[in-house]
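Read from first to last, the chains carry the letters A, B, C and D; within each, the first residue is number 1.
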Amino acid sequence: MVELTPQLLGLQLVTGVALGAIYALLAVGLSLIFGMLTVVNFAHGAFFMVGAFLGIYFQTLTGSFALSLVITPLVVGSVGMLAERFLVRPLYGRGIDYPLLLTFGLSYVLIELMRVLFGIEGLPSSTPAMLRGSVDLGIGRFPLYRLVLIGATAAVVLGLWLMIEKTRFGLIIRAGSRDPEIVRVLGVDVARVWLLVFGLGTAIAGLSGVLAAPTRAVNPEMGITVLAESFVVTVVGGMGSLMGAVVAGLLVGVVFSMTSLLAPEFAELSIFVLMALVLLVRPQGLFGKAGLMG
Amino acid sequence: MNAPLIQRHAMDVQADILIEARHISRQFGAFQALTDISVQFRAKHLCAIIGPNGAGKSTFFNILSGAIAPSSGSVLFQGQDITGLEPHEYARRGIAKSFQITNVFKQLSAHENVRVAVQMRHARFDFFSPRAKLAGVAQTAQALLERVGLASLGQKPAGDLAHGQQRSLEVAMALAADPQLLLMDEPTAGMSPEETTVMMDLITELAAERTVILVEHKMKLVMGICKTLIVLHHGQLLAQGSPEDIRANPEVRRVYLGQG
Amino acid sequence: MAPLLTPVLTLIARHRVLSVLLFLLIFPWLMPYEALAVNILIFGLYAVGFNLLFGYTGMLSFGHAAFLGVGSYLTGMSIVHAHLHWLIAIAIGVGASGLVGALMGHLAIRTRGIYFSMVTLALGQIVYYGFYKAERWTGGENGLRGVTVPAFEFAGWTIDFTNPVTKYYVMLGFVAIALGLVSRILASPFGAVIEAIRENEKRAAACGYDVARSKLLVFVLSAAICGLAGSLRAIHLSVVPIDSLHYLQSGQAVMMCLLGGMGTFFGPFVGAAVFLYLEDVVTTLTRHWMAVVGTIFMVFILFFPRGIWGSLIARWERATTPSAQT
Amino acid sequence: MSTLIPAPTPNPEHSTSHADQHAAPQANMQATSRRRLLQAGAAGTVLAGAPFAINIVRAQGAPIKIGFPTPLTGAFSAEAQDQVRAAELAVKEFNDGGGFNGRKVELLVRDDKLNPGEAASRTLELIEKDKVDFIVGSLSAATQLSINAVTRERKVIFNSISQSDAINEAKDWSPYTFHEALNPHMTAGAVARYAFPKYGKKVVYLTADYAYGHEMVRGFERAGKALGATTLADIRHPLGAADYSAFLPRIQALKPDILVLCNFGRDLVNSAKQATDFGLKESTRLVAPVLLFTSRVAGGADAFEGVVGGTSYYWGMEDSIPAAKAFNDKFRRAYGGAVPSDYGALGYAGVRSVLQAVVNAKSTDSDKVADALGRLEYNWYKGNQFYRKCDHQSVQSIIIVESKSKGMKDKNDVFSVASIEAPSESNLRSCSELGHKG
């Protein structure tokens, strides 16, 4: 057992934050969709996976990682909107189970679709040349790209926050996530808003796919484990709370990272234990509204 | 200032007090919904809690029916403190209620709605005897349906009944436990004038056998039929007494100026 | 269709257990192979147990794999390590999953809606890792092997589980008992109470029913039935795969219920049969079975939310009591 | 839904053969087989529900049936489908050679979805419905063990082409159990014997937390003891973890000479990739007990640059091994120039051994064939091999490869063969250790 120097703990913390960044991004998308549409999107992991595949595809097509960072979310978002329009919309008002199970079926189809399009082995993914290598943080070497990952997530969350706080669309979202009825009263075309929100949520999932691709194997099944983890995050943070999603994302990332250091075998279990504990103490999650879905 | 009045009133009727609220207060966060309310309700007595919107009627009603607990103070039923008991324990002591928002088992048939309510008295955790064969339950349920005028609609899913009919169904369910106290939160809300009169007649009739406490903001409606009125205002007990007293009460007049 | 359907369904509805048994007696001859028929028996029972909670009480659990798995493992371990008689082993499996159900339920029923689903998911995963780590007794990721029941004499017959037909009918015996039990419970006053809770918790409490206690009871019942399914599966496969505890296995129960029709007595069984049969056929036809299964699933959610059996029932009701469907 | 209701049919055998034609993907005739699949689709749904599927009296000269359960879908589908191709090749060879007194061989491929439960059911199907004579296949420790549990009970020969130590042990083993593949103990040992002297003695293990991973570590430490290697840490990660970064700072702090990645397939790709990102390679040599051809292709050159590992077969060994050359050429001819992967080759050997044993035994009877397999000495594709008497483990050579990052001739040119360890019983765990008498 290596002794726990401050450096090691520090590095472990940074690692946890980098991990949490992706969790947070995914959870934000999930929470956005749930908060507005009370749809538990079981296809979120699949959209993440699709994002990773398309990210690589557009990167090789355009030769630019930056470009695919822009294009991919747009494409994934559009797929998301199609799904909302033709699959999810007919189910509104039918309770929470049906959309949940429909998106579950959708995830199967998306996984198979990627198998057909890009093959079962998945695609080799590599970090863009300029972001390769590791930098010395003074506490140890850390991959440059993962620092970028943290930065990118911060940027996205900030952008999202600005949009929600400063734009009219944001206003509607804020109102809507408190009480969907209000939106109708405000005389907004609810259907359009929901379409956009679903699109936005899935686009973010796609984006996190592109961002995650260089750090892991890109294959059709990559979304399945991610889904479970991002659900844990969303629920710990409180369904429908963006703030919660971010905080819980980082929390889960750090908890996972620290257990990996101290009791590696239990790393994966730790986040489920965390969720169980949080829910039993605060059934609505850290930032969730009590009684929601009661 | 009217506390002594209540006390005196209490003295001579101590004998047949069914339910009593003692110094009930309730906050919601910073908002003080009720402040130190003490009221006694007599057995076999029709009584209404009135007051303008936001007076705290529903909060008080929910505390009496055990739906929410008071921040301070206590509720006594037949002299026993029942404050903070589970809702189902209130029901088992003979306190029934009908909700403000219609509240039935939508997908079950009207008859099944009442049958389930009646069954409560016969079998709670019976896993084996076929429910259909439960002695007399179905008949009692049918009788109750007739009493509220839904005899012919027994097989219809409760969700498909007209609004007024659903309210009546709720009354039937409330009666199923043959309660000593029946609490009704705006029983005529959203009813047509015809439905309203039918409902009011039914209520008066019911009050002959048990205590009925109504929450109502339509003052006119209750003036005629209630023995006692309790007026809340800004979460405080403004006045209580017979309709006549209330009509005469200057405070009440001021509050209801232009209303009623 | 309806006119022909009505008398049949009326008959079935009257003697539902009897009719399902009659069907199950000839069932193996309708299936491509017995192992599939046995799987359908087992997962049918699993789905029925799950439906008790999901369909009848309205609680969507994502942790039911825990009960299937605990049933399998405890039965398996009793046979492999303790060399107990297989009947006792099954009893232990059922008891254990009931117990785990009581523990999980006690914690989970404090939450509602999606949070209930997530708590059950989390607790289920904790059980999963518990068994995963207990490699010495459970075989860990390799699964528990050697759950074999030697051939034995019964009423002059030699019962040998390596004979698929024999195995099927022995399993059918257990499933029959369980189905009878469930049917009885659903017809009982308690059955009425849980449906009331599904419809409107607040109102059920106002009627004087102890909602929390009733929920816990259903949870345990449901767990025990899923546990029996698990116990049978251990004997059927002669191995216990760790996957039987995984949350994807819980998801399967949900799918089967929805496919067949939740909140109906036969629905889950029909769902399990169609699901497994479909998967079996499709997988031998195409490697893209996930796409096919996924699509069929979506189609059902969108167009037959009542599920296969549920839709039949609906037709029937419309045919017999028109008023009920207006 | 109506098409799903099974309709009776006099000939259940059909449905399976349809299915099998599909399930054996022929790279060079994809288009047609797709079309055939569609017809099979229609036919299959109707036929699959044949009543009285059991007790079909099989005529003399009926085909010899080999059941082939393998994960056509899921994480190892690439490897699995290569297994099928190679197995098909062995079958084709045998049938073109006239079969066994007129009896042709039929390969019945089933998708076990990498799920042990599914694997068991599928094996039951193959035995009870299709009445297969032998089972060859599987691609994971768990699935092979559950297949073995079923075959053992029913005295059906199972030749496993996937790695595991447990299957050799008396507890799981049966006289009908054969193990064509390497086992972790052999592979890990060979890699250790190559790597420890060369790269250093301070070792950290990053281990997938399941039997297979633990068996790998055990193998390394055994061999390491003799070579004076010291274990700094054995860090166990959850099986199938997507992110390993959280384990890496500690490894960095330990400053090992060698980091052994005791995991498989995608876990290996992920961990190698992330270790590279963390700059671990600057001071540490990455070693993998099993370095899959397919993983390397999927993972890319950068992630695997300089990674050393073991394998049962690499097509590149054809330069020095004539048998390999011959096998590669057959494969290239059949599949449009494609080269066989390591696990693919095992599919070929697994089937071919059984068929050879049938010929030697002049029978398809399980006991006779098992006996013949026990005596078999063969050289199908990589040099001489034989099954050890006590546990039927195939004693064979082990290839140590190093991943290339530059100067590759084509997309298949991913490894350079560093060394080949000759077959030797002494590199296996002893029979008595496994609980076998004698």
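As a working rule, a residue touches a chain if its C-beta (ideal position, glycine included) is under 8 Å from a C-beta of that chain, and two chains touch if they have at least 3 such contacts.
Note that the structure is predicted; figures quoted are calculated from it, not measured.
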Completion exercise
Contacting chain A as well as chain D are chains C
Exercise for the section: Name the chain whose C-alpha centroid is farthest from the C-alpha centroid of chain A. Expected result: B
Exercise for the section: Express in whole angstrom the distance between the two chain centres, defined as the mean CA positions of chain A and chain C. Expected result: 33
Completion exercise
Per the C-alpha means, the centres of chain B and chain C lie apart by a whole-Å value of 43
Practice task
Express in whole angstrom the distance between the two chain centres, defined as the mean CA positions of chain B and chain D.
Solution key: 74
Handout entry: Distance between chain centroids, defined by C-alpha means - chain A, chain B (Å)
Key = 49
Exercise for the section: Could you check chain D for residues that touch two or more other chains and list them? Expected result: 73, 77
Problem - Contacts with 2+ other chains: residues of chain B - result: none
Fill in the blank from the handout: Residue ranges of chain C touching at least 2 other chains are 290
Problem - Topology of the chain contact graph, where touching chains are joined (line, ring, star, complete, other) - result: other
Fill in the blank from the handout: The chain pairs that touch are A-C, A-D, B-C, C-D
Problem - Residue numbers on chain A that touch chain C, as the complex places them - result: 34, 40, 87, 90-91, 94, 96-98, 101-102, 104-109, 111-113, 115-116, 228, 231-232, 235, 239, 265-266, 268-269, 272-273, 275-276, 279-280, 283-285, 292-294
Practice task
Sort out for me which residues of chain C touch chain A in the complex.
Solution key: 60, 107, 110-115, 118-119, 121-123, 125-126, 129, 133, 247, 251, 254-255, 258, 288, 290-291, 293-298, 301-302, 305
Completion exercise
chain C contacts chain B in the complex at 184-185, 187-193, 195-196, 199-200, 202-211, 213-214, 217, 321, 323-324, 326
Fill in the blank from the handout: Within their complex, chain B touches chain C through residues 86-88, 91-92, 96-97, 99, 103-109, 112, 115-117, 119-120, 122-132, 134, 155-157, 160, 173-174, 176-177
Handout entry: Residue ranges of chain C touching chain D (in the complex, touch as defined)
Key = 29-36, 39, 135, 139-143, 145-148, 162, 164-165, 233, 237-239, 241-244, 274, 277-278, 280-281, 283-287, 289-290, 308
